[in-house]
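Take a look at these structures.
Okay, so subunit A shows up in both of these, paired with subunit B first and subunit C after.
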Partner chain A sequence: MSTTLAPYTLPSGFVLPSIHSGPPFFTQQPSPSSRKIATDNWTRLILSYARHQKLFVLRTEDADIPGGEWDDVLSNPRINRKIRAPHLAAVIAHMVATDQAVYDPPNQTSAVLLYWRTPEEWAQVLYDWASSTGHLNTIMTFYEIVEPPVPSPLSDLPLPILRKAIAVLAKSSRAQVIAVADGEGVRFLTAPPGR
Partner chain B sequence: MPLKRYSTSVDGTIPVPALLYEDEVILTSQEGVGIYDGPQKSALHQAGTIHATTHRLFYIDNAHPFSCSFSFDLIHVARTEHYAGLFTSSAKVTLYLNPRPPKSEATGIAEPNTPSPPTASTGSTSNEVACLACTFLNSPLLRECEICGTPLPRKPSMPLPQAPHPPAKSAPASRSVTPAPEDEDSDDENDSVEKRMIRLSFRKGGDKPFYTVLRRSLLGRAWETKAVARPAPSSSKGIGISGILRSVETTAQVSQTNMEDALEDLEALMIKWKDMVKLAQDLNERLTAVSAPAPVPAITFPSVSSPPSSSPSPSPFPAPAARLGTTAPEMAMAMAASRQVVEPEEATFIRSSLAQLGLQMANAPVTQDMVRDERNWFEELAKELAGVLEGSGVGPGAGNGRGKGGEGMMRRRGIVALDEVWGGWNRARGVALIPPSTFLQVLPHLPSFTLPPIRMRTFPASGLSVLHTPPFGRAAFASRLVGLLTLVGPRTTIEVAQEEDLPIGLTQEMLDEVETDGEICRDDGGSGVDMFSESLGGTEGGAGGEVRYWVNIFRGYVWDGQE
Partner chain C sequence: MHRLGGVGIGAFDRQQQSKRGFAELSTELSQAQVEHLHLQLAQFRSALAHFASTNRDRIRQEPSFRHAFQQMCVSIGVDPLAGPRKGGWWAEMLNLGDWQYELGVQIVDVCVSTRERNGGLIEMTELIRLVSKLRGVGGDVITEDDVLRSIKTLKPLGAGYEVIDVGGGKKMVRSVPRELDADQAVMLAVAQEDGGRVTEQALVVRRGWKQERARAALDNMLRDGLCWLDEQDPEYGVSYWVLSAMRWDE
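Then we have the complex of A and B:
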C-alpha cells in the first residue's frame, strides 16, 4: 500500500483533499497533536463541501447513511473507510466550539447548521441581493427571500441563519424586522450615510 | 472336651492386636458370639467377641475377659459347616477338628515331647506315619517306631519342632511325665466326630461375612508359610528384589531420622529467635550508650568497613561481607555507629557480626559516612548488575558458573522488563537477594557501568518500566519505526513486534509512546463495513479491525482540496 496520497476529484467537480484518501483520516487519533490536525481538516472539508453543494444541515447520523448527501466526504469507498458517528460528533462539537456551526434545534448535539458563511457574510450577501434585485425599502416575507422565483444565493437558506443575518443588518440599520400577517417580514433600508 | 484340648487361654484384657504373631493379621471380628464345646453350650463362653486372624480364632469374653478368653489355632480345623439359623436358633459355624491337635510350639497346647500312642488307634488321619518294618502307624511326631524302634521315614511337609529333642524314650516314661493329655487321649478314642467340634453361635448375626473370611483364612493356610517365612529375614538380606527393597527402606528410615533431627533443631531455633534478637538489640544499645558520651572525630575505617567496594570476587562463594545484600547498609550503620566507640575495633567486630546475622539495628545513627558507603555499595551493585545484563563475566552469576558462559540477559535483546531483570539478577546472586527498593536505587548508576549504556525507561501509559539499550530509546526507536513504515507501508502492532523481535505488549507500549510524540498515526481499519464498532468510539484501537500504524500523515499537511 502506497503512502503517497493524492487529491481526488468527485464527479460533481469537488476536489477531495489528499488526506481524504489516507485511512488514518477516518480514525479518531489518540495523539492530541494529530487529532487537532485531523479535526481541523475535517472541519475545512465539511464546510467547503457544504459550500460547494449548498448544504446547510449536518447530522451525526449522516455518517451511517449510505448514499446520503454527505456520503462523498464522510466515507471513502476507494479505501473502504468511513468516519464513525462518535468521531463525526467530535468534529461537529469542535465546529460549534469555533463558531463554524450551531446546534439546531438547540439543546441537542446531533444536528448542526453549518456556517460555511458567517452570519455577517450572509448579511452582506442578503443586502447585496436585495439591493441588486430592487427590493430595498419594500417589505418582504422570509418565504420570499429563501424561495425566490429566480434562484439566488439565498435559496433554501435555513430560517435561523436568515434571522441571524437580518439581525446583523438590523443592528447596522440596514433592515427592519416587521410583523406581517402570516409570520415575519423584513424591510431593507437604504444604507445610512457614510456606509 | 474339645475346647479344653484345642484352645489356649489368653488374657483377654490385652488388646487382640498385641496378642498376634509377627506375621499374623486380624481379618474380621464379630461380637455377640457364644461357644458350643462339642454339642453342648460352653457355659463360660456365652457372650464374647470372636476375632479371626490368618492363624487363629480369638474369643474374648465380655464378662470375664481375663479368665474366660481363649485362642484357637486354625490348623486344627478339618472342615467347617455353616448353619444359617432357624426361628429362635441363631446362625452357627461348626468347626470340625482334626482328631489330634498337631503340636505347635506357638500354642504349646500339648507337651512337645509327649508321644501320643493312642492316636495310632484312631487310625483315621493321614498324618500318621506307617513303620517300614512292622507297619505300625506311628504319630508323625515320632522319629522311631513305637513298637520296633525302626527309624521312621519323615514326612517332608511336616515341621518337626522338637527336632533337637533326643530320640524318644520309652513311651511309659514320657507318659508318666504328662498324665493329663493321656486322659484326654483316652477320651479321644471314644470321640465320635461330633464330639470333636466347636460351634460358634452368632447371637447378633454377622455369621455370613465371618464365615466367608474364616474360610478364606483356612484356605490360605498362613500357618504353613509361617515356618518358611520366618528364617527369611536373616538369610535373604541383600539378595534379590526384597534385598533391594529392604536397603531402600533402610535408607529411607535413616534419612527420615536425620530429617526429624534437623527439624527439631529448626524448631528450637524458631523458639529461640526472639531471645537472640533481643540479646543483639540489648548489646547494641549498650554499645551506643557507652559510645555516646565520648564522641571521637572521624576515624578511618579498616578495609572491612566498606564491604561493597571490594573488587568482585572470583571465588565461588563470595566473601559474606561483600555479598550480604540487604544487610550491608545496616552493616554500614554499624560501622558508622562504631566510630565513636571507645574501643572501636571490638565494637566494630561485634556490630558487624550482628549485621551479618541480619539483626536490625534501627537506633544506629545515620551519618555522612554511611551515605558515602551506600553510594559505594550502589555503584558496586550496579557493576554487578551490568555483568548480569551484559554477560561480561563480572558479578556472582559468572563467578558461580550460573552465567552460562558470559551470556548476559540483554545480550540478545535490547529491551527487558524491569521485573524480569530483578528476578534474573537475584537468581544469579542466589543468596543475599536484592530488595526492589535497592534495585531501583541501583538503576541510576547503571549507565556508567554498561557499554553501550543501559538505561531505564518508564512508559507513561501503563507505568511499565524497562531497561533498554540505546537503539530502544524513545527517539531512536521512533525514527527507526518511521523509517520502517515509510519503507514498507503501514504495519500492525504484531508486524512491528515481529520486525523488532519484541513481545507484543511491549511493542504496543512503545508504539503508543511514538504515537503520542506524533511520529505515527493509526488506522482502525474496517470502518466501512463494520457496524458493530460504532458504539466503541474511535479512540480505542482495534474497534473495527486491527490497528495499522501509519507514518503521521497529518504532520505538516497542507490543504490540497477544494477551496
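Then we have the complex of A and C:
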C-alpha cells in the first residue's frame, strides 16, 4: 500500500490540502504537539472552506450529516475517514478561544458563527458597499443590508456579525444605529475628515 | 678472514667514515626524492586545477561526474568540501564549496519547514525530492551523495542533523536533536514498508515483537510526535502513521 498525500480538488473548485488525505488527520491526537498541528490545520481548512462556500454556521452535528454542506471537508470518502463530533467540538472550542469563531447563540457550545472575516474586516466591506451603492446618509434596515435585491458581499450575513461590524463603524463615527419601525436600522455617515 | 673495514684500530675510523658517507648519501637521496615529489605535487595540483576549471560546469551539473570527481579527490586525500575559508583554492576553482553550502541551506529549509508534519524526521528520497523542487531542477540532479556531503558541512553548526539508516536501503534525515532508539528505527522501517503505517500487529507478526513491547514503543513515538494515531483504520481498528514516511505532494 502506498499512501501519497496530495491536494484534492472538489467539484466546487475548492482544493483540499494534502493533510486532508492523511488518515490520522481525522483522529484527535493524544500528543499535545501533534494535536496543535492538527487543530491549526483544521481551523485553516474550515475557515477557508467557509469563505469559499460563504458558510457562516458550523455545528458539531455537521460531523454526522452525510451529504450536508460540510460533508466534503469533514469527511474523506476516498480514504474512508471522517471527523467525529467530539473531535470537531474540540476544534470549534479552539476557534472560539482564538477569536476565529463565536458561539451563537451564546451559552451553548455546539454551534458557532465563523469569522472567516473579522468584524473589523466586515465593517470595512460594509462601509465600502454602502458608499459605492450610494447609501451614505440614508437609513437602512438590517434586513435591507443582508437581503439586498442585488446580491452583494453582505448577502446572508448573520445579524450578530452585522451588529458587530456596525458597532465597529459606530465607534469611528462612520455609522449610527437607529431604531426603525420594523426592527433595527443604521445610517452610514460620510467619513469625518482626516479618516 | 677479511672484514669489510679491515682489522685493527684503524678499522673503527674507516667504519665510521663509511657510515657518515652512507648517511650523507641517504640525506641527499631523500632530499632529491622530496624535491621530486614536490615537483610532482605541483604538477599534479596544476593538472587538477586545470581539470577542475575546464570541467567545472560538468562537475556542477552532472551528478555522476561530480561523484566520480569527489571519489577521486577522496582517494588522493584532497577534500573538495574544504570551505572558502579553509581551502579557498577549491572553492574558487570549482565554486563547489558554495554549491555544497547552498544545498546545505536548502536542506535545512526543507527539514525545518516540514518539521511540523514529520516531527523532524524526513525520508531521504522525500528530502531530495523537496530540495530538487525548491531548486527547480529535475529529479536526478541532486543525489543522495550530495545530501550526505552537505549534511557533513552542517556539522560545525551543531544543528544535530544526522542520517539514520533504517534498513532496506532506506535512509532518514533527523533534524531535531533527539535520540532514536533501536525500536524506533525498526518501526520506521516497518512504516516504510506500508506507506507510513505501523500497527501493533505488524510489529508482532513481521518483527516477532511481544505485544506489550510494540504498544509501549508506539506510545513513545506518539508522545514524541513522530507518529499520529488513526482510530478509524478499517483493517486494524487502530493504527499509527509515521508522517515522515508518507509522501507529501503539494
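The rule is simple: the second predicted complex is superposed on the first by the 194 of 195 C-alpha atoms of A that agree within 3 Å, B and C clash if a C-alpha of one lies under 4 Å from a C-alpha of the other, contacts with A are read in each partner's own complex, and residues count from 1 in each chain.
Please note the rule applied: a contact is a pair of C-beta atoms (placed from the backbone, for glycine too) under 8 Å apart; a residue touches a chain by one contact, two chains touch by 3 or more.
In this text, all values refer to a predicted model and were calculated from it rather than measured experimentally.
**Student:** For the overlay on subunit A, clash or fit between subunit B and subunit C?
**Tutor:** On the superposed model, which is not a single observed complex, subunit B and subunit C clash.
**Student:** Counting only touches as set out at the top, which of subunit B and subunit C does A:48 meet: first, second, both, neither?
**Tutor:** first
**Student:** After lining up the shared chain so the two structures overlap, which partner does A:86 touch, if you call subunit B first and subunit C second: first, second, both or neither?
**Tutor:** first
**Student:** For A:34, using the defined touch cut-off, is the partner it touches subunit B, subunit C, both, or neither? Pick first, second, both or neither.
**Tutor:** Both partners, subunit B and subunit C.
**Student:** So in the superposed three-chain picture, is A:7 touching just subunit B, just subunit C, both, or none of them (first/second/both/neither)?
**Tutor:** both
**Student:** Residues of subunit A touched: more by subunit B or subunit C?
**Tutor:** Residues of subunit A touched, subunit B against subunit C: more for B.
**Student:** If we overlay the two complexes on their shared chain A, which of subunit B and subunit C does A:18 touch? Say first, second, both or neither.
**Tutor:** Touch status of A:18: both partners.
**Student:** Let me test your reading of the model: by the given contact rule, A:183 touches which partner, first (subunit B), second (subunit C), both or neither?
**Tutor:** After superposition on chain A, A:183 lies in contact with neither partner.
**Student:** Of the listed stretches 92-100, 110-118 or 128-136, mark the one in subunit C with C-alpha atoms clashing against subunit B.
**Tutor:** The overlap with subunit B comes from subunit C residues 110-118.
**Student:** State which residues of subunit A lie in both footprints, the one left by subunit B and the one left by subunit C.
**Tutor:** Touching subunit B and subunit C on subunit A: residues 1-3, 5, 7, 17-19, 22-27, 29-31, 33-34, 37-38, 80-82.
**Student:** What residues of subunit C sit close enough to touch subunit A in their complex?
**Tutor:** 116-117, 119, 194-197, 222-225, 228-234, 239-241, 243, 246-250
**Student:** Which of the residues in subunit A come into contact with subunit C in the complex?
**Tutor:** Against subunit C, the touching part of subunit A is residues 1-7, 17-19, 22-27, 29-31, 33-34, 37-38, 80-82.
**Student:** Going by the contact rule at the top, pick out the subunit A residues touching subunit B in the complex.
**Tutor:** 1-3, 5, 7, 14-20, 22-31, 33-34, 37-38, 41, 44-45, 48-49, 52, 64, 75-77, 80-87, 90
**Student:** For the complex, give me every residue of subunit B touching subunit A.
**Tutor:** Residues 485-486, 489-490, 512, 515-518, 521-529, 533-534, 537-539, 541, 543-544, 548, 550-555, 557, 559-563 of subunit B touch subunit A in their complex.
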